[in-house]
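Multiple structures follow.
One chain, subunit A, links the two complexes that follow: it is found with subunit B in the first and with subunit C in the second.
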Partner chain A sequence: MPNLSAASKGNNTSHSIFRWLAGVIMIAPATLIVIGLFLYPFMGSLVGSFRNESKEWTLDNYFYVLETYHMDLLFTIAICLISLVLVLALASLLAGWLRLKADPFVEFLFKIPLFVPFVVVGHAMRVFLAPHGTMNSLLASTGLFNPDSMPGVAFSTLGLIAALVWKNIGLTLLLVMGAFRGINSSYLEAARNSGAGSFRLIKDMMIPMSWGTISVAGILTFTSMIGNFSIPAMLGDGGGSQMLMIDLYYELIYRQDAGAANALGVISYIASMGAAIYYVKKVAKS
Partner chain B sequence: MDIRLDQVSKQYGNSSGIENITLSLPQGGFTAIVGPSGCGKTTLLRALAGFHDIDSGTMRFGDRDVTKAPSRDRGATMVFQNYALWPHMSVFDNVAYGLKLRKMSRAIIEQKVHDVLTRVEIPTHDIKSRKPQHYSGGQQQRIALARALVIEPNLLLMDEPLSNLDAKVRSRLRVEIRAIQQSFGITALYVTHDQEEALSMADYVVIMKDGRIEQVGKPQEVYYQPQTLFAAQFLGESHTLKVMKDGKPMQLVLRSENIRLQPDQIPAQLYSEYPAVAFGDGCYSFHAEIGAPLFIGSTYRYMATVQGQTFFVDAEQLYPPGTYLATIPAERAYWFENGEKADTFSQVI
Partner chain C sequence: MSAGVELKQAGTPAPGFTGSIGRMIMRFVIYAFSIFLIMGPISSLIIWSFAEKWYWPHTLPQEWGMKYWARVLEGKMAESLSLSFGIALLVTFVCILLCVPLSYLIARYRIPAKSLLLLIFLLPQAFPQLPVFTNAMEIMYRWDLVGTLTGVTLIHLVGALVFSVWTMVSVFQSISVSLEEAAINLGSSRVRTFFTITLPIALPGIIASSLLVFLYSLDEFTGSLLIGSPFITTMPVYMYNSAMGYEMQTASVTGLLLMIPGIILLLLMQRFMKSEYMAAFGRG
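== the complex of A and B ==
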């Protein structure tokens, strides 16, 4: 018996080493990708944001960026938050309606933006919302509006928000609808015969029961909006505040100030991380 | 409020639905629908709840035609098999939800919620902080019952509410649900596949098969006077013997608990010379071979064979395997011809 247990102990040791190695091999590709494509460039950016052109350590980049772009930073966060609220509200209402009525055509219609690149969305919105664009031409053709006095929504903050909302609604809808469809029908039926109408079913049942998924969708949407370049480049008010990615592009390409560009990158990263931290805290609480 | 269904039909493509259901649920009565899976009992319940539209027919709650009324306007509340208590709300909010939608004042809501939960024996001191999932299955079903009752519905619908509970809790809750229904004086419709549940709880039992009603009656009526072959076979521990009578095939339905055994005078090898079933002294009798007993708790169960057909006999005494004369009182033997009820025979066949 003692021999037997010694042998099995030896087997166990080699077995656990093998398991450990197998585990390392399994996670290696994902870890290397995160290190190579995310951590390394991020650390480079972080280090670069604290250095000037002569490679000296300094906070000047941040002073410069915050002094020059603090309004743009607030503008970016405000635009992203407004768009986010609109996306989440619209997607939740639509997903709720589709959960109750199941209309494949409407579902398809709202999933189209998933497969349209950002730059195409930007261009489409420009054409549609320009001062003499499709929307204004259609409205003018009714004879009720003067085509020369109609606003160019494309070149206003509203146009920017409209494009961001339209582009992001597909993915959010997909995620939220998945969660809503996972809700057992008996919960909704119990609410219906307690007296709840469709809006109440969405507001009181579906949304609170899917809060985790909606938060994830919100964070994905928020970070995607903050990091988006092509839509703010093509739409919005050129004379007013800009989105951070436009500033970053300007610093990198026109002023060739890598330190300032890095500082802007780090700031936008922190803004996105704020959303992620909020989510992690919420999950930990629940 | 009397509930009346008239010629109600609902089909789902080719699958089972309900066909031409005409049924009355008397005010304050407890009606149980019983039947095998796919017989349409849940479809009927859901049609009454307003969860799906019916293809034809009418449904009336009192004087009001609710055939086209949306679920939320019917005042028919459902208790579900899986309780369907909203997990993101406290017990208080679950029960109060329907009252809040009716825009009642805070004080009245508080009072009604506490009252109804007390009546279903749920302690109310921590209902605002506890979620339903922190309660046992039996308690959750009582909370669900309270949620359904608190809005004082016209009709209480219950869809196999005890199926997820273990046997002991189930038999206790049967008594409790019945008592609660009676104390509220509410009209109730209860769907179950468990005949014991239906017979023990209900004022009226509806037996359904293939989307149609086979028989409606008081529990004793449907149990002791089955009107169709299916009703006879479905209730109790029933067995069907195929017997020829005047060259016509007949079915004789027997229940295990009604059969008595006594030692047989005729050797088994002569059985074929005797009729399968004989009548005398108000009883039918047949020669049967009995196998080894199975102890099932309160009685022994025997496998009996009569002319190649088998059925169970339940008896309190222990009999060794062998040949026996099995007898059954005539009023407890149910005859059918081609599935239709036939007269009871009093002559030797």
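== the complex of A and C ==
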């Protein structure tokens, strides 16, 4: 199927067959791996979510999953939305500040999370925020707090949010900063000369002018948070509500209910639709 | 309190002075905030990795030492470490081999059903990996690949290929076609043009992309946990296991070791980092 039509200048048939073969050899291996181990299993999870153990078509998986996990679904979306708002706010403020006062040190610091693996972020937050973790020890050592009355946030909601924000700040900052750097300095100087402070420059000029990039960053970050498995796997073991991916893992590994796991998977696909649409549009544009 | 009043009094005659003090305070606050936010969790890892004895409510460990570093580097961890690096090298090599020609084709030639091809390589970025990999695991069971090196390498390759096609296509697209046209007009063949003109210009981008692929494979957790267990324990899985067993020191040492390649890469690549490369990277 793949054919180098642009290169088909050679009228010689054996020559064009050779080109055609070369194209197939270049394209096929990588494409087949991605189709075989991503697209095919992806379809498999769609089909599997509508089937029970004896391969009959049914909606039971969805009834079961929604009944058992509707609170977890709301919890997951809430956690991701809160983290998303925090990440975007923090990234916009920092990017704005960095746009006005180029500061390589701060910029470098906030790029570090990009290269720290998710599992490590989860573990670091765990030792940092646990009831007897580093942060509480630090607070206790100031003598202002009673060490035994302090809350440990690691295994709760706040720990999850902190870890998700921490991991995603690098990428979001990079994206938003790219947009802010594209803003013509003369606009900012004009506003500055008519008396606008730094905060107003960020809030009333940079953010509105870069809204497109910020919303793309938001969509990509949100889907990455929804689909993240490593961070809640490291942190979320304290009872109460769980993230969706943990429920999925539990259904598959401990209850061995592939149908329910797939139904949870399909729900997570629906939550990721924003990113899918973004990528489809991107392909349509090119 | 009094310092603030004094500052204000001293500042009133010269408006520029309060401004610069304010700016300095602002900068100081941002520095303190950034360092606390970013280094706080990381420094906890560092402290834990050197703690031989640490009981609550001591602020710092009672006994420091290299015991866990030594233990970890001798034992099973060393195995996981070399395994992870081996897999990452293999994945990177296969990615370069497959993706350089493929990305060049996508960037330069009109291929039938090109948008379909692009979608195949873009959509995996959009969806969560875990539900897909659980189904891929079923397929791999059929081929007896679960718990094998081949299986883990393949599951790493899925994400790595997608990432590297995306970055390499943008590398090739950023090279002006006119350079290649000039070479072809002067009588060079297409293959020769690719190797003498395009490839040398694209090399820095290809190297950057490959380093990121290497890091992706080294850090990959979800696929390794599902496909690798119980026989193939990569570093992230090893770390997960020891953290779940409350071996805080072992997990912290592993975590730090996992961070080092990334930090080195960040120092090397600060300048070349483009957001479009990185968007593909923030997943796990």
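Everything below uses one rule, namely that the second predicted complex is superposed on the first by the 232 of 286 C-alpha atoms of A that agree within 3 Å, B and C clash if a C-alpha of one lies under 4 Å from a C-alpha of the other, contacts with A are read in each partner's own complex, and residues count from 1 in each chain.
The working rule: a contact is a pair of C-beta atoms (placed from the backbone, for glycine too) under 8 Å apart; a residue touches a chain by one contact, two chains touch by 3 or more.
Treat the numbers as computed from the prediction; the structure is a model and nothing was measured.
S.K.: Looking at subunit A, does subunit C or subunit B touch more of its residues?
M.R.: More residues of subunit A are touched by C.
S.K.: Of the two partner chains, subunit B (first) and subunit C (second), which one does A:I226 touch, if any: first, second, both, or neither?
M.R.: The second partner, subunit C, only.
S.K.: For A:I214, decide between first (touching subunit B), second (touching subunit C), both and neither.
M.R.: neither
S.K.: Of the partners subunit B and subunit C, which touch A:G197 in the superposed model: first, second, both, neither?
M.R.: first
S.K.: On the A-aligned overlay, A:N184 touches which partner chain: subunit B = first, subunit C = second, or both, or neither?
M.R.: First partner only, subunit B.
S.K.: If we overlay the two complexes on their shared chain A, which of subunit B and subunit C does A:L84 touch? Say first, second, both or neither.
M.R.: In the superposition, A:L84 contacts neither subunit B nor subunit C.
S.K.: For A:L114 in the superposed arrangement: first (subunit B), second (subunit C), both or neither?
M.R.: A:L114: touches subunit C, not subunit B.
S.K.: Both subunit B and subunit C touch subunit A; at which residues?
M.R.: Comparing the two interfaces on subunit A, one with subunit B and one with subunit C, no residues are shared.
S.K.: List the residues on subunit C that touch subunit A in their complex, please.
M.R.: My answer: residues 27, 30-31, 34-35, 37-45, 47-48, 56-60, 98-99, 101-102, 105, 108-113, 115, 117-136, 138-139, 154-155, 157-158, 161-162, 165, 190, 215, 218-219, 221-222, 236, 239-240, 243, 248, 251-252, 255, 258-259, 262-263, 265-266, 270, 273, 275, 278-279, 281-284.
S.K.: Which residues of subunit A touch subunit C once you look at their complex with the stated criterion?
M.R.: By the definition above, subunit A touches subunit C via 1-7, 23, 26-27, 29-31, 33-42, 44-45, 48, 97, 101, 103, 105-106, 108-128, 132-135, 137-138, 140-141, 147-148, 166-168, 170-171, 174-175, 178, 220-221, 223-224, 226-231, 233-234, 245, 248-249, 252, 258, 261-262, 264-266, 268-269, 272, 275-276, 278-280, 282-284, 286.
S.K.: For the complex, which residues does subunit A have touching subunit B?
M.R.: The contact residues of subunit A facing subunit B are 184, 186-187, 189-197, 200, 204-205, 208-209, 211.
S.K.: Tell me, which parts of subunit B touch subunit A in their complex?
M.R.: Checking each residue of subunit B against subunit A gives 49-51, 70-72, 74, 76-78, 80-82, 84-88, 97-98, 101-102, 144, 147, 151.
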